[in-house]
Amino acid sequence: MTVKIAVAGASGYAGGELLRLLLTHPEVEIGALTAASSAGTTLGTHQPHLVPLAGRVLAETTPETLSGHDVVFLALPHGHSAGIAAQLGPEVLVVDLGADHRLADPGDWARWYSGEHAGQWPYGLPELPGAREKLAGTKRIAVPGCFPTGGSLALAPALAAGLVEPAVTVVSVTGTSGAGKSLKPNLLGSEVMGNASAYGVAGAHRHTPEFAQNLSAAAGKRVAVSFTPVLAPMPRGILTTASAPLAADVDEPAARAVYEKAYDAEPFVQLLPPGTWPATAATVGSNNVQLQLGVDVDAGRLVVVAAIDNLTKGTAGGAVQSMNLALGFPEATGLSTVGVAP
Amino acid sequence: MTVKIAVAGASGYAGGELLRLLLTHPEVEIGALTAASSAGTTLGTHQPHLVPLAGRVLAETTPETLSGHDVVFLALPHGHSAGIAAQLGPEVLVVDLGADHRLADPGDWARWYSGEHAGQWPYGLPELPGAREKLAGTKRIAVPGCFPTGGSLALAPALAAGLVEPAVTVVSVTGTSGAGKSLKPNLLGSEVMGNASAYGVAGAHRHTPEFAQNLSAAAGKRVAVSFTPVLAPMPRGILTTASAPLAADVDEPAARAVYEKAYDAEPFVQLLPPGTWPATAATVGSNNVQLQLGVDVDAGRLVVVAAIDNLTKGTAGGAVQSMNLALGFPEATGLSTVGVAP
Amino acid sequence: MTVKIAVAGASGYAGGELLRLLLTHPEVEIGALTAASSAGTTLGTHQPHLVPLAGRVLAETTPETLSGHDVVFLALPHGHSAGIAAQLGPEVLVVDLGADHRLADPGDWARWYSGEHAGQWPYGLPELPGAREKLAGTKRIAVPGCFPTGGSLALAPALAAGLVEPAVTVVSVTGTSGAGKSLKPNLLGSEVMGNASAYGVAGAHRHTPEFAQNLSAAAGKRVAVSFTPVLAPMPRGILTTASAPLAADVDEPAARAVYEKAYDAEPFVQLLPPGTWPATAATVGSNNVQLQLGVDVDAGRLVVVAAIDNLTKGTAGGAVQSMNLALGFPEATGLSTVGVAP
Amino acid sequence: MTVKIAVAGASGYAGGELLRLLLTHPEVEIGALTAASSAGTTLGTHQPHLVPLAGRVLAETTPETLSGHDVVFLALPHGHSAGIAAQLGPEVLVVDLGADHRLADPGDWARWYSGEHAGQWPYGLPELPGAREKLAGTKRIAVPGCFPTGGSLALAPALAAGLVEPAVTVVSVTGTSGAGKSLKPNLLGSEVMGNASAYGVAGAHRHTPEFAQNLSAAAGKRVAVSFTPVLAPMPRGILTTASAPLAADVDEPAARAVYEKAYDAEPFVQLLPPGTWPATAATVGSNNVQLQLGVDVDAGRLVVVAAIDNLTKGTAGGAVQSMNLALGFPEATGLSTVGVAP
């Protein structure tokens, strides 16, 4: 079975990574590629690495250009997906890489994004408890934010097992592609290279309620989340350091056993051998999550470190993995655990 | 008054930065430059940016080559300073950029470094309460570790004022020069670029007891410290994100007032205007600490971010600042708040 | 047909890239992985991105550990291949990623590498005239150097067509992985980042005679080559700027026609649309060569720019492409024109 | 004697570097700082590294805001300087960091920049023959382009001495700050990092006629210049590889003697010891030019490599050096040969 897919937002980084993955997906035929201000130009202008598609001309993002496809990926700024999805028909699988359908609580939406809440869709992080059931056969998928992908997987098992108190600290060091191709001075190469900077500190980043939603579900109670993103001079990758106070007298082997149980069967979560800590370079272009944990006895905290590629597992890879589940393909089709390093 | 200085370890990064600063210090004459395996080679081979000293030949690091100077800077691996200092005579100002004389507790030394404890010297972080008194006129200075420099200044005022609980989380993103010129595979450019990685996690890093010592002194009680360093692809800079649970109903203006009181008179600590967050690029080559704080009401935490140059304020700049205090020079002599950017 | 392959030098960058590619090659079974000082450790220690092979233990590089394979890739320092190849038997396809069998002239070998000349093998750059004929069915392949790969393809058509004089200037900006995992101070991340430096200037680099050999063959007469490599702060990629005096009154369309004729049927050479210049980022992880040319009327020179990934097309990809030709597989098997960007 | 200076274009990279240098210049008082679209904001918003000037408010760039100063630096896009200079009065020293007054030939101006030719001013590259005489006491200075700075110094002595033919090849690897703060997609950090790319190839870059003008003057006859800039992932620095056919039977010592004679008395040109090649990192923030040369006997060419900081010697440092000459200050005032490394 071959499905015909369209990508709205094909000129951006998320769209480009989707196409890179879908070019190797054996069950997919690449149909319409659309954009906003770049409509009318060739894909090669924006994505010179996607050689087989270099000559494709970008159409405008409209319900018409997107119609006639089995799957439509929406890689658009937030607030743009709901209107388009409504016009695509219920038989089309719509995969939203934006934020519009991630949050359950209209109050959270109003506070963090503003505008009308578009409602929640099945959440495309299959490794969370219960997620695969909701993704199987669905026609609507909300792809997680890049930060909550690694951070939620880092902490959910410990919270679910009651190893830690429901008050977590998350600091995520991210590459620049997470900010997209926005033409902002602070994203210029001259500014980014040789520089580490914090932003969205002290509860100001929009991924905070998504973290809280995922982790509270895992814990079965409200989890307080302190989240700080740090911009680092690299194009890809998120390294998340997450920690929480130990709730019980847990040693490292016991904590490790909890994580092994949670992830041993997961194709895209790799608990590293003891003594080895994650590095984002190992995950570049792969759908892999590298994890390691430690128990800090002096500080009384569990510390978990997770590395992902923000564009692959953190965005486009997660989207393809979830599409596979929705359509009944083997979950790993078109995806790899192998990174491009050095 | 001109003092004659010697630098032991002149071929390394800390030694090079010291010399860069001392070349502009009006009261200093640069005497012996020594090294271990590089003895006999010219400084220009190792420090091509120090043009005026390019032809200087490195001597071996011995009490003899270091004798006859008013000030001796020891930029050596830990465990090497005490023996040399003992042979330099009490009239010489010895500034140890290594770890040997930072910790008060022999038990901490034994646990984190092993070997005999060399005793504690006045601590070269003038901005900590009481530090300037101990540095004035001293003949022995222990320069702080690069991580505790920014991290201690980030949290000490809040702990001293009782704003937060004595349980802090510190994640520091660091450039590679902090690891020195060690020829380790993980420090190769090919490994470092495009990569963020954690190390020394869960209480394994040697700067942890130094953090605890500084912060416990500020709080007046034992502070539990969870510290994680993250290696980022940049040569210089440390961006520290530090947080702790709020101890009282404190809002941002109140927290800010505490930090303004602590640092308004400090020449090298800059509390940024509200809404602006620190970036390491602004501090490159400068002795400046950029600080910003936020109160995360949802998470119930105070978050403080600090940016420094690990080689300047975090090592060599702090050493010069402390030397100035010890010798009675104006504290900022030979130092600058101006960074080299972009 | 499945062939069993072995990789000698599996812990290095060339070996790692080979395995990354071979993991996706449908006709290949990965057999012995060997190393020198790293023998006895797991591959995951050295290549954390090769997750499916993480647990494989590295054997010592000996004729015994390499025996019993259909194909043996030698990713070894120069001077090590000939001895091993002699013991592998004529029925084994030996692919040498080192320099030992590239040069025809024993005098060149003696001057540039020293030691006994091991003889020349068929040269693994299929896009050069006559190369495919020699590679078909061969049991011995000399993989080109990374610099001559892009540089030879940039200039060969113009020299063959007599567009330019046989005196060329080549400046190649390279990422650091070309130097391998050598623990040299100048390859440390702290030294490399924020830095561009020249080395092997004025005829001192060992790839110079290989350039001359390839280009002289294309021109049908001796070509003088001025080659300068420049080390740039990136892990992968070579951007080559090559130029030569125009030999005739050639305009850009005429020059372009020559290159189109040479490369239009090539699966891995992409002459970019006019006005677009190559960038290495578009080739990361791909086997693609991006080319563009211009005629500088004022200077009277043809200028050709080529971008490749030094580890893929420049080393491991070129090796797999040549293996495919030797074994009769479709030439592009296991290879891609799609890069990983940004 | 203290002079009062103004900087038009203070929010950009050239303006920021000027101010960084002028903050240490003992004879300068910093007056008006002006900008275009950033007028009304504080300097700290744009130049967070210039701490002592953080609170200064940017005025609009008008003849009125710039009046009342002894020296006015114009760090503006090309085409903007002539009109302003005309209104500043002949007693004011106007230092133009843009291109408007560099070219002698109106035809060159028309071809490369278009618009009316503003006429040529004394050229701010004191190390070129005759330049200091024209700069002494002048009230108008044209600061060279960043590429011609290093490239002209690399080749002028050889051309003047007749060592080489008047046909040169120049490839310059540059950091991104040379492009300014322009918000272009190809200058985003995500695009720049891990990437080397060519632009302005085959005679298309505007610095080409400036090269030709400088080198032809040195040679005493028309010199043909093939110039290619390559963008590399670093904020600062230009590494230029320049070469030309040997005109005579010159060996390396003879060529070296020519360069020693040309530059031994120069405070800011450093001919490196034989065997050492330039690296841009050693020049960061310094006004130094690192030079090295080699004779490639096989290729019959002289190869010269030069490293500079494009913002310092290549722009703002060259401007300050020329101002010093114009005002009769010691030439090196406010400038340093010491770089910030690593």
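Letters are used for the chains, namely A, B, C and D, taken in the order the chains are written, and counting of residues starts over at 1 for each.
Please note the rule applied: a residue touches a chain if its C-beta (ideal position, glycine included) is under 8 Å from a C-beta of that chain, and two chains touch if they have at least 3 such contacts.
Per UniProt, the chains are A, B, C, D = N-acetyl-gamma-glutamyl-phosphate reductase.
Being a predicted model, the structure only gives us computed values, none of them experimental.
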**Fill in**
Rotating subunit A onto its identical copy subunit B by a Cα superposition takes an angle, to the nearest 5 degrees, of 180
**Request:** Pick out the pair in B-D, A-B or C-D whose interface repeats that of A-C, meaning over half of the contact pairs match by residue number.
**Result:** B-D
**Fill in**
For the copies subunit B and subunit D, the interface residues, called same if over half of the numbers are used by both and different if under half, are same
**Euclidean distance of C-alpha centroids - subunit B vs subunit D, Å** = 35
**Message:** Taking the mean of the CA coordinates per chain, how far is subunit A from subunit D in Å?
**Reply:** 45
**Prompt:** Which residues does subunit B have that touch at least 2 chains other than itself?
**Reply:** 13, 175, 177, 190-191, 193-194, 233-236, 279, 281, 284, 342
**Prompt:** So how do the chains connect up here, line, ring, star, complete, or something else (other)?
**Reply:** complete
**Item:** Contact footprint of subunit C on subunit A as seen in their complex
**Value:** 13, 16, 20, 23-24, 44, 47-52, 177, 193-194, 235-236, 270, 273, 276, 279, 281-286, 288, 290, 336-342
**Prompt:** Can you list the subunit C residues touching subunit B in their complex?
**Reply:** 13, 175-177, 179, 181, 183-185, 187-194, 233-235
**Asked** Which of the residues in subunit B come into contact with subunit A in the complex?
**Response** 167, 169, 171, 173, 175, 190-191, 193-199, 201-204, 208, 212, 224-228, 230, 232-239, 241, 243, 245, 277-281, 284, 292-301, 303, 305, 307, 342
